[in-house]
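In what follows, chain A forms one complex with chain B and a second complex with chain C.
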Partner chain A sequence: MPETSRKSRLSRNRTRSAWLFLAPMLVTLFIVAAWPLGRTIWFSFTDASLDLMADAKWVGIRNYLEYVDWGDGEGQYYGLLADARWWRSVWNTVRFAVISVAFETLFGLVIALVLNQQFRGRGLVRAAVLVPWAIPTIVSAKMWAWMMHDQFGILNDMFLRLGLISHPVAWTASPDTAMIAVLIVDIWKTTPFMALLILAGLQMVPQDIYEAARLDGVPAWRTFRKVTLPLIMPAILVAIVFRALDALRIFDIAYVLTPNTDATRTMSVYARENLFDYDQFAYGSAASTLLFLVIALITITFILATRMDLEGRNT
Partner chain B sequence: MASVELINVSKSFGKVEVLRDINLSLEQGEFVVFVGPSGCGKSTLLRLIAGLEDITGGELRIGGAPMNDVLPAKRGIAMVFQSYALYPHMSVFENMAFGLEQAKLSRSDIERRVHEAATMLQIEPLLDRKPRQLSGGQRQRVAIGRAITRDPRVFLFDEPLSNLDAALRVDTRLEIAALRKRLPDTTMIYVTHDQVEAMTLADRIVVLNGGIVEQVGTPMDLYERPASQFVAGFIGSPRMNFLSGPVAEAHGAACLGIRPEHIVLTPEGGDWTGRVTLTERLGSDTFVHVEAEGIGPVNIRVEGRTDIAAGSTIRMTPDPASIHLFDAAGRPVAR
Partner chain C sequence: MTTLKYLMSGIAGAALMATGALAADLTIVHGSVGRDQEILRKQLDQFEAETDHTVTIVSMPESTTDQFGQYRLWLSAQSSDIDVYRLDVIWAPQLASHFIDLTPHVADIVDDFVPAAIESQTVDGKLVALPMFLGAPALYYRADLLEKYGKPVPETWAELTETAQKIMEAERAEGNSDMYGFVFQGAAYEGLTCNAQEWVNSNGGGRIVEIDGSIDINNPKAAEAIDLAASWIGTIAPEGVLNYKEEDARGVFQSGNSVFMRNWNYAYALAAGEDSPVKDVFAVTTLPHGGEGTASAATLGGWHLGVSKYSENQEAAIELVRFLNNYENQKERAIVTSRPPTLNAVYEDPEVAAQQEFIPLWKPVVDNALPRPSAATLRKYNEVSAAFWTAVHKTLSGEGDAAENLATLDAELKRLRGPRW
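And now, the complex of A and B:
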């Protein structure tokens, strides 16, 4: 007898209602995620441009890599994989993601530890900490752009008065400081998010084991390292994955705060430039596709690497 | 050496006073049980002795030395928590060794101590497991084992059996009694709300109510000579019958107390007559709930089984020697 006919009517009913409940989400996901992604990948193998999207023709991997023979025995590689500007933007993005997520995790952990303590006005402080996270990114980028303004910015004014710098710095325009400016704004904005996720992890730790540690005379730092940290590590890792996914897609802060700077051109900014500014829709699609692959690769690698660590005998 | 003394100890949380004028003196090797209803302050008192809470007023001495300002780890105590408080990410061995590593013991010393305690509690096969792979009873044994490895002068138990099922509770109770025999010099303080645990384990029982000590005494002291109506009601199962009205006034008291086991059925004629409302048959005993004429509801304990049916009328007589009398304030009245 086949497997299905042996199932009771009740379980068949359950299966049917499960699919029924899932259907709206599956349809929505297909429309807003799978279809656009598939279209982007398709365009990356065509010669599409903004005004001629319907006439796009298949051109193979030319957008990614193409060797053009000049006929005199020499030639050159073209395409995204041979584009130094693209690799620069990949490097910018990865560097940004690693540094920003590292600082956000560190600061978020410290803030979460403080917010986890009992003190007067804790509820108010917990709410206040979230303010940077609640402000729309464009608004905070504009706000910081003004604070970092080379002539009228409050940052230069304060640093000059304190004697930290001798002459005004063009924070967002100078290639030396543009990445730092983007990092500062992102860390300022996203640390609350990390703090909140880590705080949730901290609140899952049973309080009685801290009392047991006190009776054992374990100093605070060792308790943190040997008890708290291993127990909140899963929460921290999940938070890092969330944040890293976000950071690798970074677009708005870099685009608004430091437009047209090689120093902060990220993968998303590069893709947008080609898609819309340079009217190289197919080329931009190829960049978007690679962006997707790079993020997927980094995330999967991170998850696999840390899972091995998690299942290790001890932390 | 490891006597425990509390002198006028009080404890307040903000404006709320949870313990008042506690004076207790525990001898070395004594097993003392703090018992009382929820919120009576018994766990707080234990936490004061452990050093997990600061003492608001009065003095605590262990082994004659003042302990108010001594860190918990330096008091020579070990504690078993109601929730076990095991480190979830550490194996049983690591749980037991973690505190010892802090005490700067050598590796071989630590292993010897852990294995000794594990052997004593028969948890040696579990040493490599994580707490989540253990049953409730096994976790509690690990928690006790961890406390033993500290080689404490004073052993504190905070409702250690509350999270266990009924059968396991009896077994673990017997094990704690056995443990106590193996550690005769260790003073043990045990907090519970279960008067059966208190009666079976304790050398002396401290009954707490509303932040004050109601009575201190041996289990039989408390059973036979309760110092208040509260203690009389709290100690003994099923609960003592409290009768007011004419039957108490006849003895010149506001309240007459008589335990269910001290009323006998006297079919040929007795002091009281009543109609049976309910019988509870436990096999070894039967509890007969009676609405006694002119007296009120009375619970009687009859040994073995009886055929008394609900609705029937029976006659009974209280044992005059076992009557307790209380005034309106719940204090005992001399007879």
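And now, the complex of A and C:
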């Protein structure tokens, strides 16, 4: 009896100190994550404007969906859920995220495999590959904007000289190529990040497995498919989730590189436009809230679909 | 501010209190285009030498739309970081509540200013900003090329289209493959609203929103004007014009690669500058119009100085605003940046006329310039403008014709207005 009571006191003590140590983190998380998120959601149900935030009044779901009867039996739906521009931005964002993450994963994998080999100057190449990732996005977007300029841009100049195009292409201006331009810059910038994460996964693969495969005379391609890929899959999936979370919030490249049109407007650009440019703080908050939900939904679906092992049960 | 700095300024303040002058650290924010930054710094240096104040410049991106977003953020947060804002002519109705009323502080000089400029900055009897310089765009053209091909200066948009096409093709045939006919501001931002309302209004298509708040933009004249503009893309104008702002257009024209350009007054001083390849071969005229029974339209632009209500140095800030807008400084700016001044007298200054013939020539254009509907649409102006430039940009990029997009715009504007603006 006395022993168990002492033990439980010990465990109580431990629990208490665990909470004590966790407290600063929890408080910080509440202040920087939960509180702003909660406030944004609250504003999305009000009529707040940026100048008069204190006077915000509850208006229900009007910012999301509202049926306005014009008095003659006819009417129309208004609100975010009925806004074609919003759904266009959602589509732009999702399409951007899928394409960019797919290419970044593929290129990242290739680069990681190369960097995992022993060769002279490997340290230098590893550092050099990271350069695009190290440049602030706003700087790389501006840099690419000049490279893609239809009159003075180096890209058109090179392609013209090589005979790939017959007349200068307005990469960022034309609605057909604007999204491609954003994709090019994002893939250029973020592939190193993917390569780095996948390289970390590759270095965890024990060398003796490769040795065994080599002794058994397994061809290189099959070794990769049957040994390397399954072993680094968890690392790749985690990298994809990180990147997808980032890609779904894409703002800076689209905003700086291209004109502010339906062709490249993303969810974040849409929310910002309403929050600050227009006098529609509440409506912008509703867009931010939906943005949060869309990202959460996509991420959860992805984690479930790939049966990702988040709790480390199989390791 | 650090404690030490507080202490120091407190001591300095106490010492100066006796003499009545308090040295302040002021901050002024502006979006610099062309030589604005250079000339502002020079004038601020003089201000610092004459008073004991110091002034820091915060410089913003070229796009007025980007500037507005940041200003709104600072002002809504009641930030005291910025004392003096350089405000676009259209912002006064939207931002009035954040600025002090300058009326009592400029009562002695207000009558010297261009009346239309003062009026544009007065909201419910409150003078939000003191006009710094005006803007009324011009058609820049290559006088040498028009002469070479025996073409007159175009008076209508149709003439411009035809002349641009002819000269462009002829020049390209001679080996100048980078030659284009016409460049303007076609990116989806406030600048496109200015360009497009000129096309529409000069074709008899009215205004985006009429002065009394009524909406009649969905009319055949407006559609005709925008459709004509859409026909320029990829023919006389490079396709990239869909992402051009002021400086992109100037870049093309000034490197000698366009016959015509629509741009604001600041471009004149730069295109005529020592290092400009086109300095001796270009000239300016009023923008074209639609034809019989219509008149040229020039959007009223301009930038004006307001003192933030949240400034901790309002006295010094007012002093600065008055200083930057005095005769000498306006004259200097007119000569260096070719921006039309806001003091009537500067237009008659012989020195300005001698060095910048553009300025006196442009007085009638400035006086008759076409304002954007910011007074009629109040806090919704930005949304109205964005809806308008979106409809135009769509037409220019070939997503539907003008009639279609204007019908959508009409419905959008009516929804935005609701029962009243």
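What to note about this one:
Everything that follows uses one rule, which is that the second predicted complex is superposed on the first by the 299 of 315 C-alpha atoms of A that agree within 3 Å, B and C clash if a C-alpha of one lies under 4 Å from a C-alpha of the other, contacts with A are read in each partner's own complex, and residues count from 1 in each chain.
Convention: a contact is a pair of C-beta atoms (placed from the backbone, for glycine too) under 8 Å apart; a residue touches a chain by one contact, two chains touch by 3 or more.
Remember, it's a predicted structure, so these values are computed and weren't measured experimentally.
By the touch criterion defined above, A:222 reaches chain B but does not reach chain C. In the superposed pair of complexes, A:69 makes contact with neither chain B nor chain C. By the touch criterion defined above, A:78 lies against chain C but remains apart from chain B after alignment on the C-alpha atoms of chain A. Of the two partners chain B and chain C, it is C that touches the larger number of chain A residues.
Per the touch definition, chain C reaches chain A in the complex via residues 65, 68-69, 72-73, 75-76, 94, 97-98, 178, 186-189, 238-244, 248, 251-252, 257, 379-380, 382-383, 386, 390, 393-394, 397, 399, 415.
The residues of chain A lying in touch with chain B in their complex are 206, 208-209, 211-219, 222, 226-227, 230-231, 314-315. Those residues of chain B lying in contact with chain A across their complex are 50-52, 71-74, 77-79, 81, 83-90, 94, 98-99, 102-103, 146, 150. The part of chain A that touches chain C in the complex is made up of residues 50-51, 53, 78, 149-152, 168-170, 172-175, 258-263, 272-273, 276-280.
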